[in-house]
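After this come two complexes, each holding chain A, first together with chain B and then together with chain C.
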Partner chain A sequence: MTSLGGVFYYLRTRAWIWSFVATAMVWIATILFTGGHGGGQMLTAALSFATFTIIVGIGQMFVITTGPGNVDLSIPATMALSGAITTKIMDTQDGMILTGFAVALGVGLAVGLFNYGLIRLLRIPPIIATLSASFLVQSTAIAYGRGLRIKPPPALADFTTAEIGGIPILSICGVVFTIIMGVVLARTFYGRSVLAVGQNMRAAWLAGIPVERTRLVTYVLSAMLAGLSGLLLSGFSGGSSLNMGEEYLLASIAVVVIGGTSVAGGRANVPGIWGAALFLYLLVTMLNTFGASAGLRLIMTGVIIIAVITVAGSGEQKR
Partner chain B sequence: MSFRVKLLSVAAIGLCLSAGSALADTAASKIALSNNYAGNSWRQAMLKSWEKVAGQAVKDGVVAEASAFTTSENQVTEQAAQIQNLILQGYNAIVINAASPDALNGAVKQACDAGIIVVSFDGIVTEPCAWRIAVDFKQMGAIQLDYLAERLPEGGDLLEIRGLAGVFVDDAIHSGIEAGVAKHSKFKVVGSVHGDWAQEVAQKAVAGVLPSLPEVKAVVTQGGDGYGAAQAFKAAGRPTPLIIMGNRQDELAWWKEQKDANGYETMSVSIAPGVSTLAFWVAQQILDGKEVPKDLTVPFLQINQADLEKSLETTEKGGVANVEYSLEDSQKVIAGK
Partner chain C sequence: MTNTTEEIVNLAGVAKSYGAVRALAGVDLVVGMGECLGLVGHNGAGKSTLMGALAGTLIPDRGSIAVGGVDLSEQYSVVVAHHHGIRCVFQELSLCPNLTVAENARIFHRTLKGFGWKKRAAKLIQDKLDEIFPGHDILAGDIVGDLPIGRRQMVEIARAFTVTDAPLRLVILDEPTSSLDAVTAEQLLGFVRREVQSGLSVILISHMLGEVLGSSSRIVVMKDGGVVAARAAGDFTRDSLVAAMGTVAAAKSEQQISATGFRKSGTAMIDARPAAQMDARKLIAHKGEIVGLAGLAGHGQTRMLLQIFANAKKRYTETKVAAPVALIAGDRQSDGIFPLWSIAENVTVGSLGRLVKNLLVDGTASRAMAESWQKRMRIKTPDMDHNILSLSGGNQQKALFARALGSDAEIVLMDDPMRGVDVGTKLEVYEQVKQEAQGGRTFLWYTTEIDELSNCDHVYVFRNGQIVDDIPRAELTEERVLRASFHEAA
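What follows is the complex of A and B.
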């Protein structure tokens, strides 16, 4: 009895479990349908694509955690701009990869500072500020690249697509990065400031936490991760394109929410992002495998996401 | 005397001829392009073609102005407002690539009522007062199966990559592919995913569904998704099937690479983005008082194995294989040739 109760308590306090449970269920359902065929490859593909969602998702999670109304809508545009500029600068030269990474982070830094400038100096709500910034950034990407697709340097393409025993190297890096960010959030002054600001901005300010500096760093972090993701994605898919970031706008927010992070801010859930990203990918794979039509697929995606959030959230209400 | 009569009659004929061309005077006319989206390489090429051909027409004094306007959000309300602005700005003709076939009809009707010529292309509008330059998308799907039947007489399993769900173009091409499969019954579509006409999306969707599929003989596509599909097959370590391409430069470049390496053969089909220039000339011809049928069909651009090198050469890096229309080409399309 007590052990069972213990298990329930454990589950209830760890909302991220649910996204992994859902992922496993979706995966098993798909394999049952294919008769045990291709399950491993499916996981490999899921890990590869989930990594990009996770990189931008972690940035989005920090932003959302800083409190109600905080969200970064400029992620897709930043990815497009970073992809366009870095592939052009690297110009398929392996020797330029490090420069490419520096430029990708630089693009992110610039966009992040600009976002925060709009929010702080012009007092524009973050949702409007980052949206309008994204128009400017996307237009810059269009004007700069004109849809030009330049191949990534071979070494970068190899790195982003390499696997060890079916596990993509990039995903291993992604897991390490996630652990680091988990520690940053839970153990460092900055991470705790993010949580405190998200719980109550005024209380955090009265407690002597540098509220505005925390928000500045958070928006810059999110944009830099978007820049990094843009570079890696163009390496992975053989070049950048103007609309390559489009689907990461909703995906970045969805993985944060499904992963168990509070939309109201102040409470983040790092491991849940992985569960959510894998879940979202495998869900689409499952419905594609079943041969569901696009309409049914969208309906099912919506229904299942609502179900997962409801199940995951119901435990927390009772706290 | 008779010489003078001859001279006079020659002069008279000359006068008549020049009067004829003087009728064709659109030099004071202003044409606007209302475009709903610019965020991919096809649309970029479309705008560039417009800039080039319409810009030259302005320089040559054929029309007074030919500006392109693009909405930022690909939304119907925004484009309707844009069209209303263009009406107020006094354009004589508006060329539209529409965000929706019917939701802009109100704004289009307003323009017609204001005496403005409205020509829609690619994304056409259903409002009867407007002209439509449409593509036979269904046929674009059907010919893929005709080609496959020739190349793979024994048939086989197919993977279909569709476009953006809910857009009529996707449904039209898909119905063409369905009709093709019905006609060539040795083929069977074993998997279908939405690639949204984007390489990254197609790659992601194909990579997900591939492990569950048997050996795929060929991939039927809608354009902008062939390269992504090839990447997904490569990443999964599966043999590369026959992938129908969609005229994007990266697709053609990949095709050429494969051809040089192992004699890979396929074909490529899509609409040339230069169809915007056809729409420009059609609008100019209507302003000129020419009789133009309300519904025109534009041929799609097909690239075969033999044309590959030439097409790749003339296609800009990162662009789309293109054909720009001259006034004469447009007159041929109008005449139904």
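What follows is the complex of A and C.
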């Protein structure tokens, strides 16, 4: 094999590289337009916002990887509920932050168990189950928080906005977390089970994989990450709001798909999720910089996502 | 009877490689009109690849394909093959599981359109099923995915023989009887013989050498991607065929490696009653026993195995299973392989629990396990890290055997796992099963091949979901199994 062929093969087998290439291109296009101004700040902002997408995106990736039909649509509602409850419980006191984290994960645990209960016991398809659960969760958040915006404890706000040399601390934690989840997926019993169930649920059962336990853990994991993300986001943006999770519904699914995870299940792509999250944020920034109207921005975002999926997915279809 | 004056297809110098694996090394093959050509060889000998080239499903690296004397190498494809009357029944069934039998027939025939196409498609396929398999119980409105694998194979075969606009000149049958029981297999072979006499050409690929010898006019033997022998069927005997294929193990007679035949005593490892059982009969298996499940295909044997599998981890059920259980699937596409994974991952998935060290799956131990089972099962691949789909069907099956035998399960359930597996591999696997049974493992073996029952210590015959006969090894005869299958005996 020639070295060029080797490079090509390397790229082809690592589809996630493309999302980083696209990210770099969008970034360069933007700074060319601004004449070199603001490139650094743009990256810092991209890293910050991408981190929240990553946290929920990884949960969504595990869910999608367990096979066709599996998706978690309750992520935005869980984020809103977690934000509303934790800011109220912490009540701007630094001493309550650890309790807040525990409560955020607890909210996720409860929502995840509820989701799985609907799917398993009532045999409702996941897309309907998590969507209907999200209405209940969102209503609870409204009833509980009554739309009051409570400030986060100062230490939490500082932590979520702190930077070292332009790199947000939260993003560093996010990268470490991503690596851990990558290892979980590839090397642990649970991760292998997720991949097996996603390829063929019946074959997984017959191979002795605990299929239902795997699905339970996966839905709980996704909801817990949504709860965690809700807490962190309310710290980052100076308090929780009921609609703060809204954009994460599509974003969590988009980063999974653009990042190279198979929608048909059984194949996940952990690094790609970062490239995709940065790409999505920078894309919107670029269109803003170019002065595109809100309508045009949405159209362009949609078109570009379709294009990326078509290009990235074409090799797979032919396989 | 055979007159090969007019040739239907002429393949010359066809070669195909997959990476480093050479599947075909320049093969010549001529099929004449009104000829039934038997094609035999080991798993991975290149039979399916050659037929893929002929059916247009894969493009060879080199070589020419001529149909009816016209060179079509340049524009050859599935559509061209179909247009010239070449049909193929693949080993891996190609029906759409979410559609009905009639709708699957429509996919094949573009001209079945307009008002009332459903009725015409239903009639077309129903008539052909009646013709080939009289007495079958398949309805044109049945969803294919709901049919057991044997019925799906019957539909696939019948569909290949249906005719609308394109002519029908050559049908390739790749392991057509692998999921059929003895009766339907004989119906099919009888039909093939009649069709061949009326001028149709057939290529019959089968590991059941008796079928090939009994139905073919000429036999071609393949080995390692090339043709090693091609003679009139009358010039071959079972032994000379096996010798031509290059099987050394086959020199042993099957009787020699058959089971000991003692009914073991002690506590039962499995004590189960089929859900549909009306009387008090039960299925009992002791430690170290090989217990056969016989009968016509789809009469509750698989259901019995799944019932045992599902109850293995429960304690308070009527179905008693005393040890961990592993299952070897026969329908490997839907029950067995993980298509995105490597061969090694497919083998080790059954033992993940044991391979975990400090929460992580131990890479070194996994690789060692995969390599030792590659040797034991003789899985034909340069690298166990290659994708499972790079293996031929029989080698994929060996990987599934490795998964189950490599696990810590003391009870192994086999769901007719020898479908489409060649003679040499079968004998190797029988030997493994016997050794494992002597080592204390218990086997439950559902098979549609009566010959295989001679490897069992005890045989239960199933009919309509019930155990209808309970035969100790010493009393086992083909006649008694067949009689019980049709319930002529008490």
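Going forward, the second predicted complex is superposed on the first by the 315 of 319 C-alpha atoms of A that agree within 3 Å, B and C clash if a C-alpha of one lies under 4 Å from a C-alpha of the other, contacts with A are read in each partner's own complex, and residues count from 1 in each chain.
Assume a contact is a pair of C-beta atoms (placed from the backbone, for glycine too) under 8 Å apart; a residue touches a chain by one contact, two chains touch by 3 or more.
As the structure is a prediction and not an experimental result, all values here were calculated from the model.
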Identify the partner contact of A:V107: answer first if only chain B is touched, second if only chain C is, both if each is, neither if none is.
neither
Taking the superposition on A as described, I'd like to know which of chain B and chain C A:I305 touches: first, second, both or neither.
neither
State whether chain B or chain C is in contact with more residues of chain A in the superposed arrangement.
B
Look at A:L118 in the shared chain and tell me whether it touches chain B only, chain C only, both, or neither; answer first, second, both or neither.
neither
Per the contact definition in the header, classify A:G266: touching chain B only (first), chain C only (second), both, or neither.
second
Output check: A:A203 vs chain B and chain C. Expected answer is one of first, second, both, neither. What do you get?
second
One more residue to check, A:T188. First (chain B), second (chain C), both or neither?
second
Applying the document's contact rule, which stretches of chain A touch chain C when the two form their complex?
183, 187-189, 192-193, 195-196, 199-200, 202-204, 206-209, 262, 266-267
The residues of chain C that touch chain A in their complex are 309, 326-327, 329, 334-341, 345, 349-350, 352-353, 356, 359-361, 363, 403, 407, 409
Quick one: in the complex, what on chain B touches chain A?
38-41, 43-45, 48, 72, 162, 165-166, 191-194, 198-201, 203-205, 207-213, 227-228, 231, 235-236, 249-250, 317-319
Chain B-touching residues of chain A, taken from the complex the two chains share
30, 33-34, 37-42, 45-46, 48-49, 135, 138-139, 142, 145-150, 161, 233, 237-239, 241-244, 246-247, 281-282, 284-285, 288-289, 291, 294-295, 298
